[in-house]
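Shared chain: chain A. Partners: chain B in the first complex, chain C in the second.
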Partner chain A sequence: MLNFLLRRIGVMFLMIFLVSTMIFFMFRLMPGDPTAFVVDPSIPTEAREQLLDRYGLNESLFVQYQIFIKDLVRLDFGDSYFYNRPAIEIIQEKLAATLILMIAAMIIAYTIGVLIGALMAWRRGTKFESFAITFALFFRSAPTFWIGLIAILVVSVQFGLLPAQGMRSAGTGGGTFSEMFLNLDFLRHLILPTIVASLYFIATPLLIMRNSMLEVMSEDYIEMARAKGIKEWKILYYHAARNALLPVVTAGALFIGSAIGGQVLLEVVFSWPGLGREIVTAVTRHDYPLAQACFIIISAVVMFMNLVADLMYAFLDPRISYN
Partner chain B sequence: MSEVKVKKQANTQSVFKLFLKNVKKDKLAMFGVVVLIFFIGVAIFSEALAPHGPRDRHYTEEGTIKRLEAPSLSHPFGTTDVGRDIFSQVILGTKTALTVGLLAALLVTIVGSVVGIISGYYGGVVDTVIMRVVDFFYAIPFIPFVIVLAAVLKPSIWNIILAVSLLSWRTVARLVRSQVLSIAKRPFIKAGRVAGAGDIRLMFKYILPNVVPLIMLEMAFMVNWAIAAEASIAFLGFGDPNVPSWGQILHIVFTTGNSRVAWWWVTAPGMAIVLLLLSIFFVARALEEVVDPRLRGR
Partner chain C sequence: MSFKRKSLIFGCLLVVTMLFMSACGGGQTGDVSDDELGEMVPSLVILSSLPEANMVNYEMAQEVAEELQELGVDIVAQPMDFAVLLDVLYGEDMDYDAFTIGWSGRIERLDPDMFIHSIFHSDNAGVGGNNTSRYRNPAFDALADAQRQEMDLEKRREIVFEAQEILAEDVPLITLYSRANMQTYNKERFENVINIPGEGLFNEWTPFTLTPLTDKTVPVVASNVNIDDINPLSSKSVYGWRNLRLIYDKLVRLSPEIEPVPWAAESWEVVADDVIDVTLRSGMTFHDGEPVTVEDVKFSYDLFIDQNVEYFASFLEPIDSVEITDENTVRFNLKYAYAPFITNTLAQIPILPQHIWEDISNPVQYANSEAIGSGPFKLERFQTGEELVLSRFDEYFEPPIIEGYIFQIFASPEGVLTALELGNVDMVSYDLVPAHTEQIFNNDGGRYDHLELTEAQDIGFFYLGFNIDRPPFDNREFRKAVAYLTDYDLALDVHLNGYGARGGGGFSIVEANEFWHNPNVPIYDTYDPEMARQILEDAGFTWDSNGRMRMPK
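This part shows the complex of A and B:
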């Protein structure tokens, strides 16, 4: 198990390294002035020359790449043009907001999705099942950002129930973690984006759980449990659902990669001050160091989530041995 | 050679027949086919169907701009804040959505299938190397990648198709490969080799016809994926500014702040996306039942 864990973490770091390398060459080899990606083009020429020297941009591409990798290891992504501060500081501020929204939505979507998915397989062929399928497919087909716009229009504008923008009301909250996240105002702002995100996430666990439950339910031991006279709901959740969970976890791991896309769109719609919104504004402001840093960190987050899913998989299925 | 050809035709034909049978008995699949044909028709004749240009401004009889008018007979989907006809924009956007969807899906399936067949056919080191490359492409988050790509390239429809294709062939490659792995071990491949068929011939005349149904299915899903991706990119403002698209309409309504006021401006393009994606999905599901017999009767 330890061996597997170490190897898996090794692969993760290799992938982060490769993705960073790709982004490095993408920015440098594209048409236009490549130095614009590191030094703000709007500053005076002499200062610019000095900065080019300092960042080693007069060196060969290979030397630049070496510098880039050295900085990457120290988590130094250069300074953001717009904020005039190290990009990593800005990312630290935004990362928590992104993770809270994403994890809250994932937990809700997977809990409800798994429970209802199991029930759907159990009540196969009923009105309840076809309604749940249509519901899931609708929210999977509808673009997340559009559902977000509609939710704001109905819930926030029409009925004035929940705030539609940002993470806190104007003039409240401070800089520390507890001031930012541990209060009712933040929770109120969290509700609407979380609901919209979970509606988008829910189709995957729901439909996969249903399919794998259908398979499990034809197994002999379910028949056996029935013969023993065990209560219906106990068979459903204790005997069948536990074994049907495995494919949900695997699919969940692969889904995280595309989930982050929906997350970016939602952060824009709800003006949620997270990494996704930051990468969009950074690109529109031509703030390349920040955009590059955001991209690398988002990739790292996705890969880390995949790692967690892999470990959960190993934990859930005792048949799998990694030695 | 002719024998193989006959076999291939028979395969595609029977897939089509089974598909039609499915459509007849499955109401949702029927709905999908009808709506999809409708959208394709609108896309082909979009220029003739759209009553106005996407950027034409409309004035009332008194000469003021028709700002943010709710749907009426002259403007079925209402007007924008600068008096443009949303109905025309949605109709013209249909063409963009379907063009991007089909072209990107075609590119993705061709590249993915070729890579998948090569990987599954040769196996060994070739397979390992290709699959590690596939793993790498799985590690890149899609939307953030496209955003960064938009920063470096000029925004255009072609770059969106390129970006979607660049990151989506991996899915097809992995699925086709796993299918090819088992086909490549079957006796008729050995027989073909003994008869003197070369690698290329074995891959594309013997193996390919057997994975065509799977490829068609994946292509249907890829069309959906590409349309959704294009809408998302355009919504974020990285789309082609010169081509009217559903995502672009939503981008403008959102950035001008009118998404909180003009429900018609938000609803029309969104419903168009949902309907098109749902219809393709139902068609794909009917196709899936043909390709994967285990699903029949579920």
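This part shows the complex of A and C:
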């Protein structure tokens, strides 16, 4: 087990190094230079040169790369060109907003998805099943921004039930983490985007659960449980569902990994100040340090969550072992 | 079929073909063979913007290319990412024929220096310079230099007028259109807004005059662009600055009529063309209670010069030294007479508190999260990507009426429109996208009854630029012809729904900039393809047997 773990972690570091290298060169191969976005094109040539100097972009690509890797080892991602602050600070701020939204949506999607998915398999062939599948696939395939806009139009504009956008009412931000996130105003702003996001996410746990349940239901021990006269719902949730959960867990772990990139369109529609939007603007602004840091952190988290999923397998299913 | 017959048919065909070809040539070539004509007009590319970035520029580049194709020029319009376009225009290769781009109408550009000197003087025609048309005219250069050194306003205006006439004759670029700043605010909650060309509603005066009509005394100003940071030495975003100038005071502010008025200064005196004395208003304090002194003023200017702040480099370059002459007066010694000094330099540089900034080792990197200035508003909080909250500074010598304002950042204009409809925001700080202007104007079902639509003319402009270093654009008559091939009304009436102003050849100081605009320009500002053809013929351009345009011999 330990051997396996060490090997995996070793490979992970190697991958992060390779990914970072790729990201570094990809950004610098992009046409256009960052000064165009940071300063107005009307500034004098000397000032532009000076700015390039300050950013270290006048060095050769190889020297830049050496500095980049040296800093990376110390987990220093440099200062964002646009914000003039450490890139990692910006990411921390935005990540909190993104993760709260994504995890809230995930909890809802996975809880409901698993429960309904199991029930769907149990009631295979009924109208309920076909309705649920249609429902899930509809929201999976409809563009999230469109669903978001409709939700805003109906819930916020038409009925005025919930705030339309943003993370909090204007002028109420600031303060400590709990002052910023643990209050009713924030919660009210969270509801609508969470619902829209979970409608989009729900198809995955729902369908995976249904398929894996169908497999489990053909197992002998279910037949056995039935023969023993155990109540239907008890067989469903105690005996079958627990064993059918495995693939859902993997999907869930990988979901968290990808969730930190956020749902860009959703963040735009709801003006949610999350990381997804930040990544897009960082790339278009050629804000190399910020964009690099975002992508490196995302890939590291995805790899880490993969590892966690593998380990969880062994934990949930005693038949799997890494020895 | 006999050989004779075959050759007869072949011969007939040949004659017919030749007749046909000469007919295509439009008759102008007559019996002159192609070899005797001038060089072929080279194949040309107009670099334009991507349709999603600027639809009007994209369409207009296509239009002009089609017009020139009809005149027998091998030309295409090629859309290009903005960053890449800038790279091409400012890069070392200078490898381009023509392009469409624009200059935004920032307030300091009301001073004619930018749109006369910076973008047309031959000094700036080199690599990286702003004269991307590579226009070089010694007579014009002399005027561009003279206006910069003329401290007398009326005389300077005459020089600027004359310079504009030269540009209109030379057509170094063709202005396609200027946009109108269409903006909106909630008229049921606030009144007394001031609308300024180039800046619109969220300028440096509206916060002073804005008057609440309800209990809501803190308006929410919506933005769809992010603010970078709130350190005056490093902030580069337009909206960073529009807010910073309310936190930090300046010696001079430009009045709503765009005239410089002494502000933190009590007065200024032009001692000599290159020596300016500024007397500081007395009794001012910073937000932390410390007095504002001449030492602070000198310190601020020195700091901006020392730190070589890119954004202000061109305004500060003329300053030789700043000295304190008495307890209320600061003397600016200039390297040379510089007319925009009062309107641009004094009206741009913020006064920083020396007692805070002198101890900071790396001012450009300083976060300045508790910005202390001496302006009309105090910083309460800046939440990156979300909002900037300011409150009124009660000790200010001319305190605003509103108790503060919130500058809220949205992810998209659509989000702002919803917030406007719901009454969550009270004013926009950017130009509405045309679709939203229409929506608010149409006011379906009275949804926008509470909004007032405002219009100001932008002083910036969008244009078709040429590389005058290359044929055929090195030929003035050719550029004039292109000015007649540009459909200015199409740009304004069709593409902009009429929200804007017409362009014209060599036109850079638009009408909205009333004081400096010469009413006799532009000269070439009508769409007339026949006239274009005439000009080209008169200039010696010819067409070969394939109908392709040839350069004059």
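Operating definition for what follows: the second predicted complex is superposed on the first by the 257 of 323 C-alpha atoms of A that agree within 3 Å, B and C clash if a C-alpha of one lies under 4 Å from a C-alpha of the other, contacts with A are read in each partner's own complex, and residues count from 1 in each chain.
Criterion: a residue touches a chain if its C-beta (ideal position, glycine included) is under 8 Å from a C-beta of that chain, and two chains touch if they have at least 3 such contacts.
Computed from a predicted model, the values in this text were never measured in an experiment.
When the two complexes are overlaid on their common chain A, residue A:His286 makes contact with chain B and with chain C alike.
In the superposition on chain A, A:Gln165 makes contact with chain C only, while chain B stays out of contact range. By the touch criterion defined above, A:Gly10 lies against neither chain B nor chain C after alignment on the C-alpha atoms of chain A.
Contacts of A:Glu93 after superposition: chain C is touched, whereas chain B is not reached. Of the two partner chains placed by the overlay, only chain C lies in contact with A:Ala47; chain B stays clear of it.
After overlaying the two complexes on the shared chain, residue contacts for A:Phe295 are found with chain B alone; chain C is out of touch. In the superposed model, A:Pro273 lies in contact with chain C only, and not with chain B.
In the superposition on chain A, A:Asn84 contacts chain C only, with no contact to chain B. Under the contact criterion defined above, the residues of chain A that touch both chain B in one complex and chain C in the other are 32, 149, 152, 156-157, 164, 268-269, 286. Chain contact summary for the complex, chain A toward chain B: residues 15, 18-19, 22-23, 26-27, 30, 32, 137-138, 141-143, 145-146, 149-150, 152-153, 156-157, 164, 214, 254, 257-258, 260-262, 264-265, 268-269, 276, 279-280, 283-284, 286, 288, 291-292, 294-295, 298-299, 302-303. Interface residues of chain B, counted against chain A in their complex, comprise 135-136, 138-145, 147-153, 224, 228, 231-232, 235-238, 250, 253-254, 259-260, 263, 266-267, 270, 273-274, 277-278, 281, 298. The touching residues of chain A, when paired with chain C in their complex, are 31-33, 36-48, 50-51, 54, 79, 82-85, 90, 93-94, 149, 152, 156-157, 160, 163-168, 170-171, 173-174, 267-273, 277-278, 281, 286. For chain C in complex with chain A, the touching residues are 81-84, 86-87, 89-90, 103-104, 106, 114, 118, 127-130, 218, 220, 226, 228-229, 231, 234-237, 308, 310-311, 313-314, 317, 364-365, 367, 380-381, 383-387, 389, 406, 408-412, 414-415, 418-419, 421-422, 424-425.
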